[in-house]
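Take a look at the structure below.
Chains: A, B, C and D, in written order; residue numbering restarts at 1 for each.
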Amino acid sequence: MSSSGRRNEPAGAGPAGAERAPRLPLTDEYRRIRGATAGLCEPLAPEDLVVQSMPDASPAKWHLAHTTWFFEEFVLRAAVDGYRPHRDEFRYLFNSYYNSVGPMHRRPQRGLLTRPNLSEVQAYREQVDENVLRILERDSLPPDAREVLVLGLHHEQQHQELLLTDIKHLFACNPLHPAYTKQPPPAPRAAPALSFTGYPGGLVEIGHSGAGFCFDNEQPRHRVHLEPFQLANRAVTNAEYLEFIRGGGYGSPACWLSDGWATVQQEGWERPIYWMPTLEEEFSLTGVRALDPHAPVSHLSYYEADAFARWAGERLPTETEWEIAAAEVACRGNFVEGGHWHPLPAPYPTPGSTAPQPPLQMFGDVWEWTQSPYTSYPGFAPLRGALGEYNGKFMVNQLVLRGGSCATATSHIRATYRNFFNPAARWQFSGLRLARSAQ
Amino acid sequence: MSSSGRRNEPAGAGPAGAERAPRLPLTDEYRRIRGATAGLCEPLAPEDLVVQSMPDASPAKWHLAHTTWFFEEFVLRAAVDGYRPHRDEFRYLFNSYYNSVGPMHRRPQRGLLTRPNLSEVQAYREQVDENVLRILERDSLPPDAREVLVLGLHHEQQHQELLLTDIKHLFACNPLHPAYTKQPPPAPRAAPALSFTGYPGGLVEIGHSGAGFCFDNEQPRHRVHLEPFQLANRAVTNAEYLEFIRGGGYGSPACWLSDGWATVQQEGWERPIYWMPTLEEEFSLTGVRALDPHAPVSHLSYYEADAFARWAGERLPTETEWEIAAAEVACRGNFVEGGHWHPLPAPYPTPGSTAPQPPLQMFGDVWEWTQSPYTSYPGFAPLRGALGEYNGKFMVNQLVLRGGSCATATSHIRATYRNFFNPAARWQFSGLRLARSAQ
Amino acid sequence: MSSSGRRNEPAGAGPAGAERAPRLPLTDEYRRIRGATAGLCEPLAPEDLVVQSMPDASPAKWHLAHTTWFFEEFVLRAAVDGYRPHRDEFRYLFNSYYNSVGPMHRRPQRGLLTRPNLSEVQAYREQVDENVLRILERDSLPPDAREVLVLGLHHEQQHQELLLTDIKHLFACNPLHPAYTKQPPPAPRAAPALSFTGYPGGLVEIGHSGAGFCFDNEQPRHRVHLEPFQLANRAVTNAEYLEFIRGGGYGSPACWLSDGWATVQQEGWERPIYWMPTLEEEFSLTGVRALDPHAPVSHLSYYEADAFARWAGERLPTETEWEIAAAEVACRGNFVEGGHWHPLPAPYPTPGSTAPQPPLQMFGDVWEWTQSPYTSYPGFAPLRGALGEYNGKFMVNQLVLRGGSCATATSHIRATYRNFFNPAARWQFSGLRLARSAQ
Amino acid sequence: MSSSGRRNEPAGAGPAGAERAPRLPLTDEYRRIRGATAGLCEPLAPEDLVVQSMPDASPAKWHLAHTTWFFEEFVLRAAVDGYRPHRDEFRYLFNSYYNSVGPMHRRPQRGLLTRPNLSEVQAYREQVDENVLRILERDSLPPDAREVLVLGLHHEQQHQELLLTDIKHLFACNPLHPAYTKQPPPAPRAAPALSFTGYPGGLVEIGHSGAGFCFDNEQPRHRVHLEPFQLANRAVTNAEYLEFIRGGGYGSPACWLSDGWATVQQEGWERPIYWMPTLEEEFSLTGVRALDPHAPVSHLSYYEADAFARWAGERLPTETEWEIAAAEVACRGNFVEGGHWHPLPAPYPTPGSTAPQPPLQMFGDVWEWTQSPYTSYPGFAPLRGALGEYNGKFMVNQLVLRGGSCATATSHIRATYRNFFNPAARWQFSGLRLARSAQ
């Protein structure tokens, strides 16, 4: 692994990079995003939509209903005088975790709700959409409610990604290995060699500021003192991770955090969750396919990402390091609109051209585990009311991931975006990028 | 409770009694029984058919496929030279518990099989039916295979009943309490007062003999020495069970077996599984309905049935006692063909008429827990080959139930029939009839 | 395996057979049995006495206290006006499972009671003994209380055996494999070849009658119809069981009951609980010793005993069969007083002599699993009051074992004695004897 | 709650403050610390020393042996040519979690080790002490080994504290509520009113530097940018926490982190672990005593500490904030040498005197939960070899606590000391101090 000088020119458009579209008027944006959710369900049969493969996952039909509930509960009920809910029981059935709203159906039992069936849920979506659009078109939404509606669209995009990862998990549990879509794998492409870029550190700022949308957990923008560091030019590849496996990584406690090692032992982990025992194929949304040595390794838990980094003699970046590097890079990449449904090898940077320059793949392909526990920024204030439960109450036992994945919507991600999962979670498109402290 | 003299005239047709139809030619019987299974699924949406509400239950779609697999595995593969299975993976996916056939999909994961979807499973049923019927029509089935085919039909009828009780459990888990069918409850009818009939005991014979079909566990017919006993004229009613609840039965360890009491404590049992907390309504296949005080109490575990009997100062019958009494009674009752989907009050016997005489309700309405552990009869020999796993390997930790229920097919039940479940099972139509030792 | 004609001469004294001592006057018997319990604790350190190695087992100190509690609760409180208990909290702490007496310390937490410590428990024993002996010597005990006191002595003997098997389990969990006692293993002795004795069956009687003590579950004596059967001349040996292991028994689902196979898979069973992985040594109360091929296999669960019998093409006897055969045999054997602490090979019968004749080893060495679930005899009536909880409430999910073991007191066992454990229990000295139905 | 100006004079000696003794020569220090461990066991019976009340806790005897193993494994084996271990099996039995040393006895089974018994463990201690002291007296220890020996002494002090908290948990499980020691509670004393002191923040430094001992996780000293903040003058008291309970805190999901609320529901938490249901008494090392309203609330999980702070409209400090404030305060307080075995009310500061000034109780009484997840400092390097497992591998799923407790040795604690536990842990003397961001 070599370490190059710091590169910080703005990155150009890469082969897999989707141009970031300008934000549409809110009515169109609402239609577009709601429609995208329905579109993701098209390849699925009613049976696929109802089943829950593990407590962490939710049925696709539940995602369809819950995202609708969000608009009904937080926009229509709040902004429409005398609003009559589509069906009273849905307040209970499709509340995810908002204790302030009231009691809720138990999460591990979401998969038992064969009723309301798909067509009833579709009717629910249609009626709520009609109501929302009517208000939007009349331009009669108070500014507060308008902000919540925008939040609801970002919320919907989060569930779009979960819908895909939950379906992938469900199909992976099926010995028939069904494909979500029959998309053929892309033409082979070599990823660039691993190298590191240096960053000077110092007193930096992270967090969101300015006009665009962000979640409460990205605020306030604040100062952090940072030591000099280096960051890898791309995500760790399947080939590199295979070396770790073949080198006995899953059998060497010295590589692992104590809780990670306990998990490896207890769960019998021997490879990434969707890799076949041969280590030559992996299950993907397009079915079982050959493992691409150049593509980023994906579906790692934090424990695995951390163990790999330790084994490689490097470490994971902190979220501050990641954000500082990402702030200099255009937010393009292999997102869900690209229709690849899978991470792709990093594009090859062309010196002297406007093609992307390192760090590559900061956005899209795989979420990148950082070593930062998910905590509040200094001065953090959660949203008022029930929506204060959106992010703040999860600030323990989770690690931050950054950058979005091949299942993330293009308009959803940004450099300050903080995703978070518990360290044993493996069903997201989660990989890693190496970092080092400056020598 | 009064005790009358022994009555043993053959019973006449009761209001809820379905005439026992003569057995059809095998081809017709096959069509009829296979068709009945499909008929049971008609009120259900694809979503309802795929979900598994607990490890003990199976998805309806799985029942559809597994019963088909039974004919494919044990009839077509065995009897048809060069038979090409519908799909190789189904041998693994739809094997229930036959280790001799090979490895199998894990039972608690049956509900994850969204694929093959319903139409694929229907195609499977059609193709296997076509193959079976072709052989049957050519009359080319060897006698051994013919016997297995008949076994397969009884097997299918067992799964018809499970399909209904599994759906009932699934719907009961749904806060919307969906109804399987909208059938209105029957007109009220008073059950006769509780009384007991005496039986002299002595050296008796139980078990199946003769020409008709029976399972291996009903054989051989053998002698048992029996002390004199008395048997109740009908099943215990909801009203009687309500007295037990109101009298503090669920809080009195003295009524319970030690394992039963531990289960009550651990599971927080306070009433039968489908009763509402008000004790005035219960969930049924026709939705939530008022509790009928005259109808038999149903969906009891063995622990509850035994505790009730102890509380009432009586006991459960042994399976020998039950069979001796049942041998004198016509096999009529409230079976699945009656379309009640629920137990009915015992019919009122009319002295001097041909109307049913005690013991009433020996067949249909509810399976009756006996105090007999499920063991082999002396000289028991399981079927040869894989089908030896059908019954014999379950002969531990289970109790025998007798008589069939409102979800049992009329042609499926007989006096020697031995059903069995573990003592904590509550999702079958299981009730009880009281017995006493003669004073 | 050969089958011989029926042999039913009374058996003579075998080398390992302890002469059955005549019952002493009650005062002496009380002193003797209470003293024996204390004697069993002599090789143990205070640390050994306090720990509980699994929920099924109890600390030795708890046994010392609970058996004392039994006399205090059921004899002294009942028979002595104004009796002041040794310490009020002991009623709660040392109640085992008598709900009628009141609430109790949770069973799995018995091992947390470091206090009262050993000397306090010894003081408890001494004070209760003093009180009991004072009453006994004054001969002022009402007949009812006297009967309960006798029950208490048999109860104490049951706990003596449990104390030994619980300590054995505890020591087996310790990688140091400590020995309870340093007793050298006996001189090698060959067991006789396996053969079978025929019994005619018919209408027989089992259960206890007459003057001596018995538990309520041995009554009433009653008639049973029995088919002709054959019974093995001795218990199954280690060598025979080794064949089963080497023949792949633990990997062949066809040998196992369904629940047994599930247990094998889940627990990873590959051999009897105390055998070393080499299959050449086993852990015993005298430490690790070479496996004696001629000694009875011991510490089997019912599942293992049943699987072995199935594999051998035979079956386990019913408890009726066992009792009919045992009724003709003197109650002698390798009991705890012999000081072997381990099963011994069956003695070699000498034709024409008064030496023991088959069936050998009916008493002592190992408890023999029967295929009979533990149920009530027809007409069974539990003891009145709290002592009705002694036996009756366990009559589900357990199998009957017969004959006592090398850890049973000589004066405790008889042909009608019914021991019972759940089918997965392995920590008792439990083995098996084969049976067959007559051809 | 009022907020005062910043106070940062060095604190004087308070009534409960133990003068920090100068470090002794290493030989004396070794004798003193090893002797202190033995001293802590004096009030205990052998039974108390062997039992493990939960997987998180260890038996006192195990602490005695493991701390000895540490010296044997890391000092004697490393520094003494041809060292012959006391007993080979101890390497396995008393290894806690050092995978580099080899396999180890499973943690939840430490309580099954009745052997080696107490006297054998004492002999082990004596022999190892003799060996260590001989080397120390000859001054023949290489500098590296000398450092490890010093580490071993700090390690021993950590286990002294655990020994006390583990015994407290064990005794709390005993319905007899035994006292570790009979110490009467101290005379009542009012704690000062709650107030806050402001700190300016900026670019600060935390972490250990200089000559004294520290653990690897306290290094390197590094810069952190800190926003202005305020810190409470003392720990939260029982009276304050009682308000939270009485105000419904344990029933209000809005106060809790999501994982915390799930824990409250699942475990049925309603009050601190050792409080009696009356909320008027608590279990302590001196037995059940009246709850002192002025003493710091103790034995809180992180979830409870965080919920209280949220309910109070404040927050927990970060570890940086805590350390910055603590750096200005003398390291005195209610430590284990004080012999109180329990937290005491904060001393009353006397204006104008040399008596302690706010922040009070920074050291001793209770460990204070910070909101900081336990992570590595930038540039952290674990110790080389097996001792690298000491701290580093636990850096996930844990929160940092600061300041020591009434069970901590005086010479063990310092401002940079980082303790860590998982957020549900309640059996340590863990409380909290409130903080705020500057307005």
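The rule is short, and it goes like this: contacts are C-beta pairs under 8 Å (C-beta built on N, C-alpha and C of every residue); 3 or more make two chains touch, one makes a residue touch a chain.
Bear in mind the structure is a predicted one, so any value in this text is a computation, not a measurement.
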item: Chain labels contacting chain C and also chain D; value: none
item: Smallest count of steps, each to a touching chain, taking chain A to chain C; value: 2
item: Whole-Å gap separating chain A and chain B, where each centre is the average of the chain's CA atoms; value: 49
item: Interchain centroid distance [CA atoms averaged], chain B/chain D, Å; value: 61
item: Chain A-chain D separation of Cα centroids, rounded to whole Å; value: 38
item: Chain B, residues touching no fewer than two other chains; value: none
item: Which chain pairs touch, all of them; value: A-B, A-D, B-C, C-D
item: Of chain C, residues touching chain D in the complex; value: 45-51, 53, 61, 89, 92-93, 105, 109, 111-118, 170-171, 173-176, 178
item: Residues of chain D touching chain A in the complex; value: 97, 99-100, 203, 222-225, 227, 253-254, 256-261, 302-303, 306, 371-373, 375-376, 378-379, 393-397, 399, 423, 437
